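Just so it is clear, A, B, C and D label the chains in written order, and each chain counts residues from 1 on its own.
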Amino acid sequence: MNPARPSPDEVKPEELLIAIIARLLEGCRLVAAGASSPIPGGGCLLARRQSGGAMHVNILGSRANNLMTNGGVELFDWAGQGRLDAFFLGGGQIDGQANINLVGTGDYPNNDIRWPGSFGSAYLYYLVPRVILFREEHSRRVFVPKVDFVSTPGTSGKDIYRTGGPYAMVTPLCLMGFDTARARFHLKSVHPGHTVEEVRDNTGFDFDVPDDVPETVLPDRATLDEIRRHVSLEIAETYPRFAQRVFPEAMQAA
Amino acid sequence: MNPARPSPDEVKPEELLIAIIARLLEGCRLVAAGASSPIPGGGCLLARRQSGGAMHVNILGSRANNLMTNGGVELFDWAGQGRLDAFFLGGGQIDGQANINLVGTGDYPNNDIRWPGSFGSAYLYYLVPRVILFREEHSRRVFVPKVDFVSTPGTSGKDIYRTGGPYAMVTPLCLMGFDTARARFHLKSVHPGHTVEEVRDNTGFDFDVPDDVPETVLPDRATLDEIRRHVSLEIAETYPRFAQRVFPEAMQAA
Amino acid sequence: MADAIRSSAEELAAMVPDGAQIAVPPDYSGVSMELTRALVRRGVKNLHLVCVPVTGLQGDMLIGAGAVSTIETSAVTLGEFGGAPRFQAALKAGTLKVKDATCPAVHAAIQAGQKGIPYMPLRGMIGSDILANRDDWLVQQNPFSADEDPIVLLPALRPDFAIFHGLKADRQGNVYLGIRRELFAMAGAAKQSLVTVEEIVEGNLLEDDATAAGTLSSIYVGGVAEARHGAWPLPFWNEYATDDAHMQGYVAAARSDEGFAEYLRAHVLGESAQAAAE
Amino acid sequence: MADAIRSSAEELAAMVPDGAQIAVPPDYSGVSMELTRALVRRGVKNLHLVCVPVTGLQGDMLIGAGAVSTIETSAVTLGEFGGAPRFQAALKAGTLKVKDATCPAVHAAIQAGQKGIPYMPLRGMIGSDILANRDDWLVQQNPFSADEDPIVLLPALRPDFAIFHGLKADRQGNVYLGIRRELFAMAGAAKQSLVTVEEIVEGNLLEDDATAAGTLSSIYVGGVAEARHGAWPLPFWNEYATDDAHMQGYVAAARSDEGFAEYLRAHVLGESAQAAAE
């Protein structure tokens, strides 16, 4: 038997996340993924394949998927121009108002733990309509009641020029949406094999939970095939180790 | 007999002007000449030869003498950065305060005569230390008491950021200097074959005349040789018709 | 993108509505005269022409054809061929609004558009009658200076279209512009770029190291069409020189309304235009 | 210019006085590790490091060597090799002033320097603790808006030196940088650029159409020296990849003061550094 939708144990966690991200990018004209982002990058590449060529993808660090010929500033200029429809942000800490901390824990500047820094977050979060928050760790260490340092805020007052912000949050446990007016996350779906309780236990902030929380829809066989046969090879150019780990068969066949 | 200094009738007017301009550029690191400026361009090229390679020359419209790879804005960025030491400006009208009119006569915007426009003058005049005013017509039509439209002013109040301005004015009759504090031209030298009276008669504004006005020093034979044998060919790349007219022998030999 | 390729300049011209604000480069930088002629044929009206930073034949022809209501420029000139006759005639007739500028101010306003910032400060201009006649420009104290230090603030330009001519494009819509970086800035500031090129080529210009540095990505490109000699009679980079005889003919013709009308009939409106360019 | 050619990175390092403000690119863009090592050998002190917009190994090494008193950056990271150990140690020890930024703000401040304007407005940042901790940045009302519309103003950066690695240079001092336009902006903003290149070549890079679009003119270049594999152990464009083993060794060593000192002795201070790079 080979139904259109595979069973959960046939889908690797990375494949599921790539498929979720691709869905979130539907309808975008230009999306970009930052450095050290194989799963978001894979989501972009899958979404482009599904768009039939209508979507442009820029992956930092990729030669084959680079559209920038005006220097590193061009990505930010796209955002300023309103051309960049989606981008990804992570965060050492993310709180219930979708504030992001990429700088460190404790008191700034002599933080207890210091992370690399804010990169472009304090700009892109304001100007990119679909900012997808993505973390591979879903824990109370990451999802805190209040971030120690606001690299970039989840919402802004109405007098602040802001055309972008949090659109969704993707973790290994669930997909969340964000209500900007209420500055509050809500659970959209829980991935197969996980529960609402598990999400609650591992999230340090409050969020809304509908009465009926759906299970995250798995990618269908055609999508899974796209990921395994094509996205795998495309992402390998930039992330060979990731591709080798997640798609060993495809890498061997190539 | 072949003295170091040739006699006036051996030197063409264009050659004299090129030599004068080259003298004014001495010590510059970067100089630029605008479009439709064969004599200033020739002056730059001569000055570069005499600098022993220390001077950079950018001639708009030249392929061989182009240093700009960041678009048309780069010239202006050089000026903003303080890298551009000298530039040339003309003017449909120039007045005794060194104000320049490149827009037209009569009332703006329905001018009696409309000229092309101000180009970069309203910026470069403020930021380039040695702006050399150059006109091939020395007449009361050009040198007026007061310009009808100030494309760019000769001087600015002390609260205005200004690192540049008029450094000298070169015409077919004479060389003038400019005293910024007094906002007034003074006669520096009169070219061989012309007189102070002739300059006065053809200038619509007042200017200072020292008791003893020197005659403009002619280029020496070595300089004339540089102009005729080398600058002629270099300028021909951008201004073939000018070179053909002024340096027919060099063009034929080449 | 794949669907950026258009069959002709005609098709590009159809994308430009009356009243559009269009940005164009100077005569030496890569002017799409082919698209300019197509715009005249399509009878476009009320264009707001932003010249980055000056114009020549292109602006004069569009003005003469009655396509322009406002021109923002630092100069209009045919260079060694003389003044721009239709520009001057329109000013005399009072049918054209001219917003005089200075080159770096146009560049800075375009760069502000490219960065998506509302304005850009720039030195110079204070005391100029250009500034005195631009009520859309402001002068403010430099907030980083303790002393009095006024500076001009230029509002960003975000034209509806940037229109220019490039050397080649690939089928993805990437366009090779070489060292003409002013075209990159215009493309960034404009909502979309309409481009003619000498040639549509196979392959991907962004993937080839030899062309990548001078290639504008298709992100900016609303449409691109092949038009050989598309800058004619203007020069195009190192590819071809000005058609001097044609330019002299234009200047002579454009001195009068009748002469210009005749020029349009002969070289723009008729079907001989494309042939003449070859 | 002809006299821009220097015999070695050592000679370039000698041009950098203590206390200089230097701009450097990110790890992927063309970092002159050769000149970085020469700066460590020369024992430069009190550098103000401006990272355009982030740094990695270069910043960590200079900080570890005690060469940096202030760092202005949007991030310091060794990417897949982990956090920057000497940066973190210096922050813990309180020996380093860090001015946290966000990437486009550094770019915009560098572009302001490149244009010679005193500041540049930029969207975003309001409500961020980055802004709250930058007393050199201002927030003002957008003067072109009738509504309340605060915007951040970033003072221009004009570093004393931009320091980077390019593919090749000619004997006039022109440097080929390809699509790495952030290096052009840095060079424009800086008073002068000190550059290492893989190779000094004959001819003139500006006169060749194939290279002109990606060439920085010698106007900006205070000195250029040949240094093959000058970005090692960092990657250099499409020329060579990261030396993973070396990077892993660096990270392991740099976790402790002693380990870092040993690393410097083995790879920077000794004469084996150049040989190791080959």
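The rule is simple: contacts are C-beta pairs under 8 Å (C-beta built on N, C-alpha and C of every residue); 3 or more make two chains touch, one makes a residue touch a chain.
Because the structure is a prediction, the values reported are computed rather than measured.
Counting hops only between chains that touch, chain C reaches chain D in a minimum of 1.
Across the assembly, the mean Cα position most removed from that of chain C is the one of A. The chain pair with the larger count of C-beta pairs in contact, out of B-C and A-C, is B-C. One simple way to say how far apart two chains are is to compare their mean CA positions; for chain B and chain C this gives 29 Å. Distance from the chain A centre to the chain B centre is 60 Å, each centre being the mean of its Cα atoms. Mean C-alpha positions place chain B and chain D at a centre distance of 40 Å. Contact of a single residue of chain B with at least two other chains is seen at positions 63, 68-70, 76, 79-80, 127. Counting partners per residue, chain C has 108, 111, 115-117, 122-123, 149, 151, 179, 184, 212-214, 238 as the residues that reach two or more other chains.
Those chain pairs judged to touch are A-C, A-D, B-C, B-D, C-D.
Note for the complex: chain D touches chain C at residues 108, 111, 115-123, 138, 140, 142-145, 149, 151, 153, 155, 178-179, 209-210, 212-214, 238.
Of all residues in chain D, those touching chain B in their complex are 1-3, 113-117, 184, 188-189, 206-207, 212-220. Those residues of chain B that touch chain D in the shared complex are 30, 53-54, 56, 63-64, 66-70, 76-83, 127. By the touch criterion stated above, chain B contacts chain C in their complex at residues 35-36, 61, 63, 68-74, 76, 79-80, 102-103, 108-111, 114-127, 149-153, 156-157, 159-161. Those residues of chain D whose C-beta lies close enough to touch chain A in the complex are 26, 28-29, 52-54, 73-77, 79-80, 83-84, 87-88, 91-92, 94, 98, 100-105, 107-108, 111, 122-131, 133, 147-151, 179-185, 238.
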